[in-house]
Structure formats: structure tokens, C-alpha cells
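Order of writing sets the chain letters: A, B, C and D. Residues in each chain are counted from 1.
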Amino acid sequence: MPISERIEMRGHILDTRELPRVLNEILEGDADFVIERFEIGKHAKDESWVQIMVSAETQEQLREVINRLQEFGANLVDPGEPEIVIADVEGSLPLGFYSSTNLETQVMVDGNWVTVENPEMDCGIVIEDDGIPRTRPMADILVGDKVIVGPRGVRVITEPLKMNPDDSHFEFMNSVVSSEKPQALQVRLIAEDFRRVKADGKKILWVGGPAIVHTGSGPAMVALVNAGFVDLLFAGNALATHDIESNMYGTSLGVDLSDATGVEHGHEHHLRAINRVRRAGSIKAAVDEGLITGGIMHAMVTQGKEFVLVGSVRDDGPLPDVYTDVIDGQRAMRASLDNVGYSIMVATMLHAIATGNLMPASIPLVCVDINPATVTKLSDRGSAQAVGVVTDIGLFMEQLAMELVPGYRSS
Amino acid sequence: MPISERIEMRGHILDTRELPRVLNEILEGDADFVIERFEIGKHAKDESWVQIMVSAETQEQLREVINRLQEFGANLVDPGEPEIVIADVEGSLPLGFYSSTNLETQVMVDGNWVTVENPEMDCGIVIEDDGIPRTRPMADILVGDKVIVGPRGVRVITEPLKMNPDDSHFEFMNSVVSSEKPQALQVRLIAEDFRRVKADGKKILWVGGPAIVHTGSGPAMVALVNAGFVDLLFAGNALATHDIESNMYGTSLGVDLSDATGVEHGHEHHLRAINRVRRAGSIKAAVDEGLITGGIMHAMVTQGKEFVLVGSVRDDGPLPDVYTDVIDGQRAMRASLDNVGYSIMVATMLHAIATGNLMPASIPLVCVDINPATVTKLSDRGSAQAVGVVTDIGLFMEQLAMELVPGYRSS
Amino acid sequence: MPISERIEMRGHILDTRELPRVLNEILEGDADFVIERFEIGKHAKDESWVQIMVSAETQEQLREVINRLQEFGANLVDPGEPEIVIADVEGSLPLGFYSSTNLETQVMVDGNWVTVENPEMDCGIVIEDDGIPRTRPMADILVGDKVIVGPRGVRVITEPLKMNPDDSHFEFMNSVVSSEKPQALQVRLIAEDFRRVKADGKKILWVGGPAIVHTGSGPAMVALVNAGFVDLLFAGNALATHDIESNMYGTSLGVDLSDATGVEHGHEHHLRAINRVRRAGSIKAAVDEGLITGGIMHAMVTQGKEFVLVGSVRDDGPLPDVYTDVIDGQRAMRASLDNVGYSIMVATMLHAIATGNLMPASIPLVCVDINPATVTKLSDRGSAQAVGVVTDIGLFMEQLAMELVPGYRSS
Amino acid sequence: MPISERIEMRGHILDTRELPRVLNEILEGDADFVIERFEIGKHAKDESWVQIMVSAETQEQLREVINRLQEFGANLVDPGEPEIVIADVEGSLPLGFYSSTNLETQVMVDGNWVTVENPEMDCGIVIEDDGIPRTRPMADILVGDKVIVGPRGVRVITEPLKMNPDDSHFEFMNSVVSSEKPQALQVRLIAEDFRRVKADGKKILWVGGPAIVHTGSGPAMVALVNAGFVDLLFAGNALATHDIESNMYGTSLGVDLSDATGVEHGHEHHLRAINRVRRAGSIKAAVDEGLITGGIMHAMVTQGKEFVLVGSVRDDGPLPDVYTDVIDGQRAMRASLDNVGYSIMVATMLHAIATGNLMPASIPLVCVDINPATVTKLSDRGSAQAVGVVTDIGLFMEQLAMELVPGYRSS
């Protein structure tokens, strides 16, 4: 005999597009539904509300389906208390664990809704000794952790679709991943966002790939760092290496940036640059010794800004600051996310997805790439808040610096 | 018994990369070679010279191979007089016709080298009654035309690789089709080219696709037209339609450009725009009647600049100015190429290749597209002089206008 | 004072995703709405029904908004009789004309709903002397035609979302444009479709680009023609030229297909092939004379199948069968669509979009291309029924022939 | 006063295309040249030989230029004995270190040319206590290592271009990165290579991305493993996870592979799969326990084949077998390369480049991807021996299994 749970969704009338997704999700999870109540608004600004009975053959199926529906803002009508199972194997979760989203989440603890401190997708939720529920990645689970199992006792708070004109530009940018948009306008909107975030006392996180250097955007990035628009940088070995190589040798992977003649085989320059920094011990030491006299990493060091570099299997060297253990790297990235109010990802798929995986959905995320597939992949992986800007990195950085840094490119 | 011809190549020492291509070409044409002499320069600025005996089993094979080698600047040592065959079928060439390149070409006429007036690839060469050899497309051949058959009596003049510093930027841009280049620098180099071409009293030809409008680059293009940097425009029905639609309705295929909110289904607006212009009779008439009050086509009309619009099978309407017969369209394009000193192709593959097919190689050709495949295809089709700029159209146009039009975007 | 019209939509419960689109469309057309009634089904297979009052400031705004809503299956509750305006300018429609969709459409004529004979998007609808409403492209409008203006008296019949298992594969394929799908399965599903369409006595339309020849798929295509799975072929000059060139010279634009060594500059071979066919007068004449002895066009001719070749501005030659006037070409394509039950578009964007523009939405349309952008563009242009298969043309054709032609590739 | 070294190149006559590259390289390294002797062959199969004097202002410039020229097969005429510097900082090389290529390399040790045991690009060369020179990555350098500095005493052996017909297919495939090639033929050529490599008793290395699973190619890959054509597998966390998820849950990142209906949000399935394997302790343990009953990893385990999984910063979990330290992962990959005679990289950029960086150029490398950029990037990074096949993964794997595994897909 099937077992059932009752869920509800509330939202803006224009948000009813979520309903068919929820119904589909139910059917595809081998569950069934009855729409018990549906109250639709009459006018453009009204709210709607729907209550659905979901039923499945087994407890496990029902549990999984309802866990998934929360991503769409559908919660149990009667959530009750969470089911807790004590972790018994280090670095792994109990079977049937509640799989977290990156949305604002609340857990019923002793009869009260308590907000999960650090929303992050694809984690377990552990109720810690202070009574606060926190997401915990699988690898960090310890024997004895109190882990939530199943969907009971958890609800996800989704924001209704914004309708006031002030938010329209995010709506606009979010609408389609396309290179056919007024790009100059997009740059201006992002610049406005930057100013507002800084005015709010929040940090701007950059996640960057080496194409920032290859496209000659180093000077623009340096100007943005010096003007205070880069508080935190996540990258891999390549961005930092090519930036430093470019400073030491005036080249970046075979492109001589100053006089613009191609240098086909400048490969070993990046090796020599890495080697020198390894001899110095760290990027900061190399800056202090005068080995590195300019560029992005130099600006980050001299401005006292934080960066987290995480390695990959294709790295040469790497630079001494690079985390070679990727799980350690993820921990360092997580630890530095405090007070980040905006994130921008430029020309990097690997680190963009990695960062998207770690961040709460509440932090706006702009992904700039010449390749539409990068943005699409970011969204597919669950970072639905990602706004894609498909454009040329070099011109984007140039225009962003011109918008934000008075006098930039007066030379 | 094989038959042979002796060919020679001269070129800069760094140009010896052409030699293996020529040898390959010979082998792949089922012919064989003996390198009879090879004099290589000693220093970077020296010239080299090579003489090769090419042999094949049949006259036809030899003829075809030697015809092809001319694209690399390899000519017969002893070209002799051309073989002439009188065209016998309207709209088609005699068998074995000499197939033209878009390079500077000379024909031996009555013992003198006479320059072909209008180099164009993939045509026949007709010696006209005034004794001047001219390329003639197959479709325009008339019964009685004196057509050159085989490679004899024809030579191609290729320019040696430029080594002086002034040309280095074209070299640089030509080196690789890649989005990873200092794009801001590229825009500046193109702006310099524009100024120099105008100073020389030559025309700048634009070939544009509708993405110029979609990306919000209409105002930048209008500024460039008004500032005199657009002398001639080749496009299809789409560019003109979306430009005019954008002026009449403030939209372009579903993108509302003024307030930047997406309009998903504005499709029929473009139809209504076309319909109105058809009712007026022509774009100029619609401008004169006040139906069109701004935009690119309006600027072209009011500045008295020439445009050639050629249709395609996917066109709605089309606009009354559009050539619906593509061969007529090609004729109109050819007829307007006089005194063109530079060509820039933005966001269009079809019309870019079409134009590349018609133009002599001596006109510089810059192809700007976000898709590297477009540039690659242009080169593959024989427009080897194509310089590719893989970048975002919107930001490219914005920056180009800022470089060239004082005060642009002060608003 | 605003004026209003009442519209209604009916559909499957899972189809309620159309509702927010309709509401958005209304708001973006500067109109407003009140949801007067909304009856939602309870279970997965139930129908839903919604009635909406739409209001706008002007008659023209209201008219345009309602015209657009029909694409989503929203019709006037009380459509009344159509408003007719007599065309006064040849080749153009009266202002405010009803812009057709490619969906099944009915017009109220003398109190009865009469079905539009030939649904095609972006046309006017003319009520002809026999009382039958027919779509008519703008260019074919004659002075005196009775053209429908505004949305009154017209309704669009949309099919509800299919839920029975037999249709699930079309659903599946339709879901996302992606290269990450079980491709071998997709080929099998298309082969099943082909067999069913042929069993129903319908024609299969192919729209093909030259990459069919470049990828070595000529033999697979020939096998499909000979086995009766290609009833009608739409293409440009390039497909036919490279196919014929490949038969005459064993090459296709520089790729020697028999022994698989690259031939970089075989360019003029295609010219010589075109020239020979021009001398013969037509492809059929060239086949009859023994000039063309194999390949796709040879198979089409010898099997007595119809083909329509339409030119483009980049064409060399072209072949004598090619329509050089694109509007004539469109007419020829339209005229041959009778009894087509399935269409497949392989490796062509231009002709695929052109064909999508002409066909009623009721003909299934599969678009096969290695480039996801082609399928996306096809959908964006309004061919929403397009199913995209992002895959390699060469392997796709090979496997399709293996599925459909017993003994194929036993050699 | 400038200082000079004399270099020489020998090669096939058609290989003279390397000469202009070498000359360019010299000029771009701010050095100069004099061509002292050049003897060119006369016929297609002859060899050529050139001797060049290279000069630069400083020893360091000359050293770097000559180091780079070795990639083109240009060696010092009089190499002499290598200069050795003792490493003084752990994990870094002495300044001016000789930067290795992945080509066959010999070092003069005590008057004899001794072959470097393990050619790998971008390493130092250490002469070990047994007198054998070996490449050593920077991170593995120990204080006291005898490291070669500068180009003296080292020569690189490049193979002349192959001209015999047996090698023509590699030539063919190598010619251009393009999707427009006879793909069915390419699959057959790769299958032939596989059989020959196995007949020679060598190992076949696969480097794979998760798209192998997403495209439904798991069964084809399993068939290839079971038939003995997969000796070694390099991959990341994703391939193994999605393969195991697909076995445990019948899904892979939202695509239900058995009944082909899309499952949009099956995200947490992969987490649950990873979690179960973590609880088991290893993939092998999970296979032994019966948790994993089929799929690629199951086949690798039951066939006793080796796999190396290396993590990345975007990984969830990861699986317990995954190296989370990327430098450890590189070491494990290197350690397993023994006796590999062929490598094929399917649908992965990160691990393909990583593997390309580690392997000697003498191991043939085929890179299969639907994205041409992946192959291009592989070549740009120095894996010049990479042969690109731009095709659909799903159909490629299906056809490869059909070629190699008798009876495959009889079901």
C-alpha cells in the first residue's frame, strides 16, 4: 500500500512555472500526486498557493522524491521533527541521509525552526552540540556526528520571483545564456552591482582562469584589485603562474603581451617562473624579495587581499602556495567565504563549478566566459542562481575597469 | 612517358615554409618532382629561390597541378603564350579552363605581360576585345568569349612576407585564430588601419550580420557611419530588417534593446517592419517618408552611402531593396568594390564567405566573430588574407566606436 | 480607458508551464491580465482550464498581444467573425494583418470554423474565392486579396502534451539539446520513425548540407535513397556540387574520400564539376549522358525522386538546377511539401531554418548537427517542434543506414 | 659582443617546413642566425640537411633559444659535455636548468651518448648515481641531485616524417582537427591500431571523462574492457562515480539510461553512490561485497586491470580510491605507464592534458572529443603527437566496440 506525504508551495503567480516541474519530478521519481488545493492569484503581483499529496510505494522512494522537491521550494506541510542517525563510519554519511541544497534551510530543533548556518549543496546536515544545524561535506563526517536522515524536520525557504523594477536587470541577464545581448549594458549592470556590494560592506569574490592573463587583461585586473573591487580570489596554479611569468619574462604561454608578436614556444618560461617562486618559498616571499614586481598576484599581496589557489592533475610545479590536496583546497575556499556578497567567475570552468558547489545560493554569481557551455554546465550542476555573460574576456575586463576605476586607460 | 614543366618560386627566406606545401601538392596531384636548384639566403632578410621540374603522366594532370601551384606563388619558368579556346556554351567555360586565383595575375598577350584587371578566385580568364584579360564568373560567360585554357601564359605575383616593423601587427593578428589574445590591442590596431585607409582616400567595406543589432551595437555602428568609417555595406535581409524593426518597434527578434528586458515572442514585429517598407517601396523611400527615423540603414541613407543587400532562402519578406536573385546580388557586390581599400566582416558567415570569394586578395580582410569556426571557414575557402578576431561583437563595436569617434558614449 | 478581450487555454495538467509564459507575454506586450477562472486537474492525466481577461490601452496593442498568445494555444473565448481588409499594394499586406503561426488554425467563415489549408508561420491569411482560408507569404500577395486583420475570427488548435508511452521517445529526445545522450538509442528511434512514416504512405523529407559528403556519408545516403527512405531532398548548391565532384574526381573540397589522404587545394575540381553539368544542361541530363555515374544526386535521379536546390550568395556556378532566385526557391519548396510526413535536417543551418519556416508544425522535424547552436537557432526561430540530435554526421549516417538497409556495410 | 653556437637539422625533404619555424624561433628569442650550409634532396624520398649559426647577446638568451630549438629536432653540432649543477633547494631546480621535451633524448655522460630513460616534457634532467640520465619533475627534486643546466651535452632525436604507405593513416588523421572527415574510416583505423598494439604485447591506456557514461557508452566500454582492449584507465572522480551511480540507481547525473526519459534532478544519487563506496572502503571492496554489479569500474576490477583516479577541486566525496593530492596522483600515473604502447583519450580535457604532459611523445595518442578545442589545447600544450578525432562519443564507442568485439550489440 502506498504511503503519502502532503507538501505545499507558495509563490508569485508568474512562478507557477515551477508547478509542472514539481509534478514531473514526482512522476519521474516513480511517485504519484493529487493536487488537493490550488489557489491562484488574479493579478500580476498576486501570490499563488498549492497543496499536493505525494505518494509512493516505499518509504525510500517517497523520502528521495520529497528531498528533491525542496529545491523548487516545495516543503512538507507537516514537517515534524527530523530523524537523526549517528554517523558510524568516518568520512561517510548514514544511508538515507538528507542531501542538502544551497538554499536557505531550516531544521526543527527541539520544537523551533533553526536556520542552517552554512547552506551548501550536496552535503549532509549535522546537528552540532550547540544545537545549530550545519552542512557538512561527506569527507568531513566524524564517527558520532548527529546526521539528519530523510526529509522530515527540514524546510527550504525560497524567495519569490522579484517583480520590482530595481531587480529587473538581474532578471534580464538571467533570461538566456546567449552571446546576442547588449553586452555594454551588461558590463554597466555588473559595475553597479560591484559598487552596491562594496557600499554594503561585503566582499567581492573573483574566480579566475588563466585566460585573464592570455587576453591581456592583467592590467585591468590589477586596476580593479588596487581600486578595492577584488577582496578574495580563487584560482588554480595556471592563473597565478601565467601572471607571474608575464611579470618575470613579459610572456604568457607563448604570447608576448607587450609588443604583440606571437611567441610560439615560450613554454619553459612558465616553468622557470614557478621554479623561482618555489625557491623563494611563497608568492609573498617572492614579492618581498623583489622577484615579482607587478601583475595580479603582486597586487593581491601588496593590497593584503586573500587568495586560495587549488591545484589540478595537469599542473606543472606547482607554485608553493597551491593546495595540492583538492579536499584541503575546498576546505580553505569554504573557510574564506565569510561576508562574501557577490561572486564573479571569469574564464574558468573547473574552479567556477567548484566554487558554485560550495557557495550558498544567496550569493549572486556572475559567470563570464566566451563559451556558453561553461555557464550551462554551472547551472546544470545546481548553481541555478548563476547569471551567464557570454562575451570576450579581454574586452569585458577592459570595459569593467573603465567603468569602475576613474582614469583607467588614460594612457 | 611522363611530360614535364619547369616551375620556380622566389621568396623571403622565412617563407620557405611554402616549399614543402608545393612539394606535397605535386605529390597529391599524382605528379612527381625534381628539385633542380635551390638557393637559400643566409640571413633573416635574404631572399631564396628554387627551381623545380614537375612531371605527370598526362597533360591534364600536369595542367591541373601547375594551375594549383600558382596559389603558392610558383610559376612556370617559361610560361609562353596562353592557349585560348572560344566559349561554345553560354554560362559555362571550355573544358580545361584556367581557374583564377584572387592574387595579382598577369597574362602574356602579344608578347607582353598584361595585368588581369579584376582578380577574383574561381573564375575563368577572358581576353577581351581591348586586349585586357579579365576574370569572368562562369555564369557570365557568353558564347564567343576568348577563354584561357591551361596554365601557360599566366603568372601569379605573390608578395614576399613583410618584415618591416610597420606590418608586424597584421602579422601578429594573422598568427592564430584564437580568443586568447589581447583584444583591446586588436581593436586599436584595426582603428589605426581604418584611419590610414581613409587618409589614403580608399573605401572601407563592412559586411555585417544581424548580431550587430542583437548585441546592441546599432548605436556604435551608426556613430561609425556618421563619422565616415562605413563607405559600403554588404548584408542580407536580416541585418537591415532587425535594424529597421529596432527603430520602428524598439525590439530586435525578441530582445527589447532599450530597457533590456527579454521579449520572447516579438517575432511578428520584424514582419510588420518589412511590410511597411515594402508598402513604401524602398528603404530610402521609407526614410524619406519618416517611417524610419534612426538606426544603421537610416544613417547609410542619410549619409548617402551605398549598400548591397542580397537575400537567402530563409528570408521573410524580404525588404524591397534585397536582391532575391543571388547571382544578380553577386554582380551588384562586384560592381561596387571599386576603390575599396579595407574590408571588415562582423558576425556573418554567409555574406563574409560570399564577399571573400569576390574580392582580390590585395584588399585586407578582417573577420570579427565570436565563433572561431567562421574565420577558419573563411580561410579554408581560399581567403587566405583573412585576419580573424574572435571576440564579442557588442564590446568590439563599442570599443571601436570609442577609438574612432570622439565623444562617443559620453551619454 | 483600457479595452479588453477574454482568452482561454486548455491543456494537460503538466502543461501548466505554458501559463506563466502567457502571463509574461501579456505583461511584456504592455498589457495586463486578470485570471478569471482556473480549474486545475487533480491527477497526472487530468486536464486543466484557465480563462484570462487581457486588457491594453490601445486596440493595436491588444491585437498584437492576442495574436502572439495563440502560439501558446490561448484563443479568444468569443472569437467572432474575422475582420477582412482588401490588399491594396502588391507584395505587401494591409497594416495590422493577422500574422500566422505554423500550428493548425481555423478561421470563422460564414459562421463555420474552416481549417486553414496550409499552416505556415509569418504569413498573412487570405480567404480565397472558394471560401477556404490559406496562408500567403507577403511577397505573393496580390492587389484585391481578402486578408484577415487582427486576431478576431481565428483560433489555433494546439495538441495537448502526449502522455502515452508510445510517444515517450519524442519527449525524451525533445527534452534537451545536448551531446550527452545515448546516441545509439536516438538513431534507433529515428529509424523506427522512418519505418512508421513509410508504412503510413507518407514522404520523408531530407534537408542536407555538404558535410554529408565531406564526412564520407555519401554511400550511406545513397543506400537510404535506394532503399526508399529519401522521398524529397532540399539542399543548396554545395551538397549537390560536392556530391557530383566526388563522383567525377573522387574528391570533395580537398578531402580525397577514397584513400583518405588530405588534398589541401582541390578547389577548382568543384568548379570543373559544375561547369560540366552546366554544359550538359541539368543534373538529370548529366546522369543520362553518363557524366555522373554515382553518388547522392545520381541515386535521386535514377530513383525518380524530387529535389529542390536553392542557391545562396556564396555559390560558385551554380549548378543549372539551382534556383538562383530565393523567393522562387521558397515557392518550389512549398509546392513539394504535399504528403510529407517526416523531415530530417542534417548538417545545414541555412536550409534547415528555411524549411522550418515553411512547414506546418504538424510535420515532425529532426535536426542533426554536431553544433548545438544550429538546433537552438531552429527552435528560436519558431520551429518549436524541432528535435535536436547533437552528434557526428558521419557516424550518425553510417548507423542509420545500418539500421534501415539490410546488409549495408557488409563490404 | 654576441656569442654563438652552431646547430644542425636533418630531415626528410618534405620536412623542410620545420626550417622556417626554427628561424622564426631564433628571431623571436632575440637571437640571430646565419645559414651556413643547406643541402636539399632532389626527389620526394630524399633527405635534407641544414647547418645554422645562432648568435645572441647573452649566454642566457642563447641557452634558452637553443633549448627550445631541440623540440624541432635542431641540435648543437658540437654538444660537448653537459653542465651539471647540484640542486640546493628541495622541490626546485637550479636556475638555468635544461627543460626537457617529451622526445627521445640523449645526454653525453663520460664521453658516451646515454639515452634518457623516461622522456617527459617540462622536467629537469638528473644524472643519477647509476650514470643514467632521467627526467625529474620539479616537485621531486632533492637537495644534492645532479641537474643538467643549459643545452650543452644534450641532443634530441626526432623521427623523420614517415612516407611509407603503412603510416599514411596516421598522417591522414593528423592532418587537420575537423569534424568533416570520414569518421567511420577513422574508427576502423583506430581499431586496427588497437589490434596491432595488443599483438605487440603492449598496453592500451584509456583516459576517460564522464561523458562516456552520459552518452550511454558504458556497455560499449565494458565490452572493450572484457575483450582486453583496456589495460589501464586514467580518470577523475566523475567517470567512476557516474558509472557506479548508473549501476546502483540506473541513472547518470539526471539521465535515466535504461528507458531514456530525462530525470532532471537526480543529483543526490551520485552522492549516495559515493557514500556507499566510502562505507565499503574501496571500489574493489564494493564490487566484492556485491554493491557494484556491473559497469566499467566493475569490469576493470573483475578483469584485474589497473586504474588511477585523480581528484579535482570540484569533486564531491570523492570515491575512496581517488587521489586527492594531485601531485601524488601524477606520480601514480607516471608509475603505471610502463609498457603502454597506445593511448586514447575520450571526452576529457583535464585528464587528457595531464596525461599528455606525462607521456613520452613516442606513445601514439588519439584524442576523441566532440569539441575541437580540446584537441587543439592538447596540441598547444606540447603533445604534438596528438591525433584528434572530433566526433560524437556515443556513436564512436558503439562503432569501436562493434569493430573490435565480435557479436557486440547482437542484443
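One rule holds for everything that comes next: contacts are C-beta pairs under 8 Å (C-beta built on N, C-alpha and C of every residue); 3 or more make two chains touch, one makes a residue touch a chain.
From a predicted model like this one, the values you see are computed outputs, not experimental measurements.
Q: What are the mutual neighbours of chain B and chain C in this structure?
A: A, D
Q: Have a look at A-C versus A-D and report the one with more C-beta pairs in contact.
A: A-D
Q: In terms of CA centroid distance, which chain is the most far removed from chain D?
A: Chain C.
Q: Taking all residue numbers used at the chain A/chain B interface, answer same if over half belong to both copies and different if under half do.
A: Looking at both copies, the contact residues mostly coincide.
Q: Could you work out how far the Cα centre of chain A sits from that of chain C, in whole Å?
A: 40
Q: I'd like to verify one number: the distance from the centre of chain A to the centre of chain B, where each centre is the average of its C-alpha atoms, in whole angstrom.
A: So the centroids are 45 Å from each other.
Q: Counting in whole Å, what is the centre-to-centre distance of chain A and chain D, each centre being its mean C-alpha position?
A: Here the centre of chain D sits 32 Å away from the centre of chain A.
Q: Specify, in ascending order, the residues of chain A that touch 2 or more different other chains.
A: Residue numbers touching two or more other chains: 21, 24, 261-262.
Q: Which residues of chain A touch chain D in their complex?
A: Going through chain A, the ones touching chain D are 21, 24-25, 28, 64, 67-68, 71, 89, 91-93, 95, 97, 99, 121-122, 137-139, 236, 254, 256, 261-265, 267-268, 271-272, 274-276, 278-279, 310-318, 324-330, 333, 350-351, 353-354, 357, 380, 382.
Q: Give every residue of chain B touching chain A within the complex, in rising order.
A: Against chain A, the touching part of chain B is residues 168-169, 171-172, 175-176, 179-185, 187, 211, 214-216, 255, 257, 259-262, 370, 390-396, 398-399.
Q: For chain D, which residues are in contact with chain B within the complex?
A: Counting only chain D, the residues touching chain B are 13-17, 19-21, 23-24, 27, 32-36, 38, 40-44.
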